[in-house]
Amino acid sequence: MKLLEHQAKAQFRRAGIECPMGRVARSPEEAERACSELGPVVVKVQVPIGGRGKAGGVKVARSPEEARAVARELLAMEIRGYSVPAVLCEELLEIGQELYLGVTLDRDRRKLVVMLSFAGGMEIEEVAERTPERIAKLWPDPFSGPHPFEIRQLTLNALASARGAQVLTRAQLLSHLVPLVQRLYQLCQELDATLCEINPLVITKQGLVVAGDGKVEIDQNAEFRHHELARELGEDAAAASSGEDELEVEARRRQLTYVHLGGDIGVIGNGAGLVMNTLDLVKQQGGEPANFLDIGGGAKAEVVRNALEMVLLDPRVKGIFVNIFGGITRGDEVAKGLIEARDQLQITVPLVVRMTGTREEEGRLLLEAAGITPAVSAPAAARRVVEMVAEAGR
Amino acid sequence: MSILLDSQSRVVVQGMTGSEGTFHTQQMLEFGTQVVAGVSPGKGGSEHLGLPIFDSVAEAVIATGATVSGVFVPPAFAADAIMEGAAAGLQLVVCITELIPVNDMVRARAFLSDRGTRLVGPNCPGLMSPGHHSKVGIIPNQNGRPGPVGVVSRSGTLTYEIMQSLGAEGFGQTTAVGIGGDPVLGLSFSDVLELFAADPETELVVMAGEIGGSDEERAAELIGRGYPKPVVGFISGRTAPPGKRMGHAGAIISGNTGSASSKVAALEAAGVVVADTIEGIVEQVSAHLRRS
Amino acid sequence: MKLLEHQAKAQFRRAGIECPMGRVARSPEEAERACSELGPVVVKVQVPIGGRGKAGGVKVARSPEEARAVARELLAMEIRGYSVPAVLCEELLEIGQELYLGVTLDRDRRKLVVMLSFAGGMEIEEVAERTPERIAKLWPDPFSGPHPFEIRQLTLNALASARGAQVLTRAQLLSHLVPLVQRLYQLCQELDATLCEINPLVITKQGLVVAGDGKVEIDQNAEFRHHELARELGEDAAAASSGEDELEVEARRRQLTYVHLGGDIGVIGNGAGLVMNTLDLVKQQGGEPANFLDIGGGAKAEVVRNALEMVLLDPRVKGIFVNIFGGITRGDEVAKGLIEARDQLQITVPLVVRMTGTREEEGRLLLEAAGITPAVSAPAAARRVVEMVAEAGR
Amino acid sequence: MSILLDSQSRVVVQGMTGSEGTFHTQQMLEFGTQVVAGVSPGKGGSEHLGLPIFDSVAEAVIATGATVSGVFVPPAFAADAIMEGAAAGLQLVVCITELIPVNDMVRARAFLSDRGTRLVGPNCPGLMSPGHHSKVGIIPNQNGRPGPVGVVSRSGTLTYEIMQSLGAEGFGQTTAVGIGGDPVLGLSFSDVLELFAADPETELVVMAGEIGGSDEERAAELIGRGYPKPVVGFISGRTAPPGKRMGHAGAIISGNTGSASSKVAALEAAGVVVADTIEGIVEQVSAHLRRS
């Protein structure tokens, strides 16, 4: 679950993190009103991607009329496939310095990592690549969270590579950053987020420390603990996803792990590794996968049916390759689902099934009785489906 | 010999009375695993599949001397089950459960770091030592065959594929370990490689990685420092599209690691032959073992 | 800061712990109204002490009229020196079982301890003495708090010594107690409490698990983190303390560590150990200390003055013994405060000062110049003050 | 010899630039303590009392090789300062600060339990090894005198009283340790007794307890199991009124321990002579040391 900037900032505020005053506007008129309340504003498209500034999605408006015009322009944009259902109008800050502050999962350390740099703003990835020592890192104990002394050291380490004059004294920086980092880290834990990022973290010329932008991404596996938040975000999320691939939106609705790839061979398998390898096999045989669809472990007949239906919603699909290697998933369950779906959905495109593993024999017998000949070798099955689709296309 | 699991391992199944727990415990018993107890809080004192059920792992350990557990509990409770196993002093916890919140696993890992318990998984098929008729997890029984190959893989289903394809050509396994596909794991490739290095019966290791993270790159570093046995590599997801990323944190943390090409390059630089397909793996294994 | 039952239960509710429905009544009429809303009620005096039931402060009322009568009676009571400003009227529970659940500081383990027993209710202290094995204990890691598996084991351990039939099955108990204990422990940490106790923890005949009573005590040293709560509780706290020693109430207002003891020799010292030993010395010389007053470490002249004023508010005081051994406290500061106070307060009772330690010389010179002869030996000084008071009394 | 602190100890003062920190650092320097640095976050790079100030303990340790710290920071920040000292690898942290929230100290203790750092305090006068001209804390300089007596006490001011009274009769100290009066402490009586047992120059130990807690009872158990040196006991608060207690938890946890009579009885049962007054302590010490 990716939060839009204004949603992320609502969470920041709740956690006690300072954000600029702002209003969400869904029409030019709302933006006009926001500007008359707030004074000069920056108007930002609300889409769940980075690099909005470079894509022209961030503009300054110094008068209500200008805000209206800018909002009209931005709301009509399409940014990397996303339409713009709303803009965020925020008071214009007098930026003194831009820092980077982020909390995210570090897979290697198996912990959340806090990252702080005085080289914040748009170029942070370049900084990370060229002068990684300018980004200070802290891996707090997940039970205690970051101790104040650890945050002070993080700040001192980041400061050691800061360039140019500082707006705040060292003592002021330390006393601002200790509670800020604690709150951001705790928010990350409370929300089960795998990313909470403030870039830029603005220090204004007046010495205020404010979140200039906000990115929050919530772990999908933990969404069961955040139903309320998901509901709250529902409307906007639906709107924001309007620019997304329609098939993927539908797959999410069906609770399937599906990625649309654009080819013509639908691929279904159990286990991400197996499905990825199946894509590789199809490609190696000269085919083009239409999608990645992992039915996961232990899928029941119903899930298999759901998956087949999903793949067939893609009008480009000319053939389907189902690759099942049973472990926790049982062959007979998959077979039942396949047969049921084929009969009910009246599938006409070629369907190649490769099945082995747990309850392989039972599954195989069911399939054969229903006139589907399962393959045992995955490469052979991949070759078959590619050939069949090629033939059908002739 | 084998790693992690042998015929002496006494196994308790956490969540045995659930439907998955029941099915796979039966499979484990059929394979010959010494399953000695089940744990289902609130059902202690009952019997299931002819085995005693306890309310807690600690009680099961006291009563049965169990040293290993397999975790089949739902995702919301799985991290707690892992910590329970570690607190009870088990040597090894194997967590099959998938979809566990990542921050739960971060905490479970931190809990384990102070203790002597090893974790395999989560979101993994578990492990199997065919020569010892012992498995914990969900690797299909018919895939195991005793032999000299150590197998370590992130993907469950690919583990089965590899075991089956090797077996079809007559190459069995000392132990096959599916370390799991989650971002936060227990044993890493490097950990398992070190165990295989110390196992006299393992002559060769097959290591099947996939895109994401940098465990494969770390394993390549280990191998590059001089690994005593041949390693055959495989990386799946070569044709997978790049994921959509929000924010910069991911890029800062992982840099250029994580892609299939980064992993293949790292392994090849360490002297590992990386196969393109599972058939290719079998060919490499065959070449190494027939040569020696 | 000790919370009254209804204040504690407000915190419990906020933390998601089930409590009976209830209303606070400050007049018989309010109690009558509460009963007509809630049906039959139990009416309980709201004073910050245990054993209210045994003292006759808890009565059942089955009708609004009865509630009015019972409340009139209870509000007029004095319970161990406390007047009763309010009663709590709570729905009558059909009690199936009474458990004990408490979180408190275990000094020996240097941790909070969670205690659970199936022998809850009024006799828990007796159970603790005679059959301590019937109270299960858990010392959670203070950073992680209690893990669910630990709470399950705690429950199983407590259950092992439970007697009689259980209202709930083991599985039900486990699933009720895991979140309950987590919430109580977290509340204890959030409030910086050194005690959060539910006794009895009632399991109703219907199988509900409800806090029958609630005791919360907040660490005085942490009150700076709970100003808002202190304000919220302010009115009731003031009311509840009306039964307390007036001198102690005044001392709290002056932020002094003071205990009223009832004798005629006022005792002031720095450091709890020193003051306790000074009390012992006064007693050994046949005197009766009027109070314990610790000015703590590093006290400034102002604090010394404040302390002297405080001691003199007690009309029984016939003499004052100031015992200072300077460490972090400096002799000259104490001397200044003493001289200032003596002059401004026009102290007429005998004042014996014993002073040694840091800046002893400077302090001694100041005192001597002001006509106060300081002693060096504490026992000698104690003898002198006891003699002077005895003489003055003749 | 001495315990915990000697002439080699290099001391950093956390909170040195505050008024208490300044005053007592001067006193420590006058006594001869090797104070090598101060720590005041945000003031790093400056000088105070002729000593360098650092922003963090870690930086001070790197620059000066400090091994001990004295904590003089306000209560809200003290537990963090203790953890900072432990994380920086100090051998000993001495926390003078009083009024620290008890749950902060619970967390600090848990933090220390995984590390090798010893804590004295909080709410304590610190410690002094007169023969080594070294002290950390606030024990008045004139109270220290080298000699064969180990002193351990909960109360600060009583520590001074005892040192002064002993000194007046010619009995100096190896080390005097005020362990502090808070409910949650670092070193306990037992910990310090064990250190004194191992110190060849300490011939006798004076242990001054007070009502509350059961550290004195635990120390009595230790002594009862066979302690190699004579111990003179003292318990203050005999005439203190019983505290008002809410709830039952306190009684359940502490049972009958904690009262002056419980402590005196426990110590006497362990063979310790318990003096009634400070004069009595001196008499007992005198009797023991003149005899030997």
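Just a few scattered comments:
So that you can tell them apart, the chains are marked A, B, C and D in the order they are listed, and the count of residues begins at 1 in each.
Criterion: contacts are C-beta pairs under 8 Å (C-beta built on N, C-alpha and C of every residue); 3 or more make two chains touch, one makes a residue touch a chain.
Keep in mind the model is a prediction, meaning the values are calculated, not measured.
For chain B, the chain with the farthest CA centroid is C. Interface comparison, A-B versus A-D: the higher count of C-beta contacts falls to A-B. Chain geometry summary: the mean Cα position of chain B and that of chain D are 51 Å apart. If each chain is reduced to the centroid of its CA atoms, chain C and chain D end up 27 Å from each other. Between the Cα centres of chain A and chain D there is a gap of 54 Å.
Counting partner chains per residue, chain D shows two or more touched chains at residues 107, 111.
Residue positions 141, 143-144 of chain C each touch two or more of the other chains.
Chain contact topology: the protein chains form a pattern that is neither a line, a ring, a star nor a complete graph.
Contact between chains, per the stated criterion, is found for A-B, A-C, A-D, B-C, C-D.
Those residues of chain C whose C-beta lies close enough to touch chain B in the complex are 144, 147-150, 152-153, 156, 169-172, 174-175. Interface of chain B with chain A (complex): residues 20, 24, 27, 75-76, 96, 98-107, 109-111, 125, 137-140, 142-143, 153-158, 160-161, 164, 181, 183-185, 208, 210-215, 218, 236-241, 244-255, 276-279.
For chain C in complex with chain A, the residues that touch the partner chain are 141, 143-144. Of all residues in chain A, only 2, 48-50, 100, 102-108, 110-113, 115, 124-125, 128-129, 135, 141-143, 189, 192, 194-195, 197, 199, 215, 217, 219, 221-222, 224-225, 259, 261, 269-274, 276-277, 279-281, 283-284, 289, 292, 296-298, 325-328, 356-358, 360, 378-379 touch chain B in the complex they form. Within the complex formed with chain A, the chain D residues making contact are 41-44, 55-59, 77, 80-81, 83-84, 87, 107, 111.
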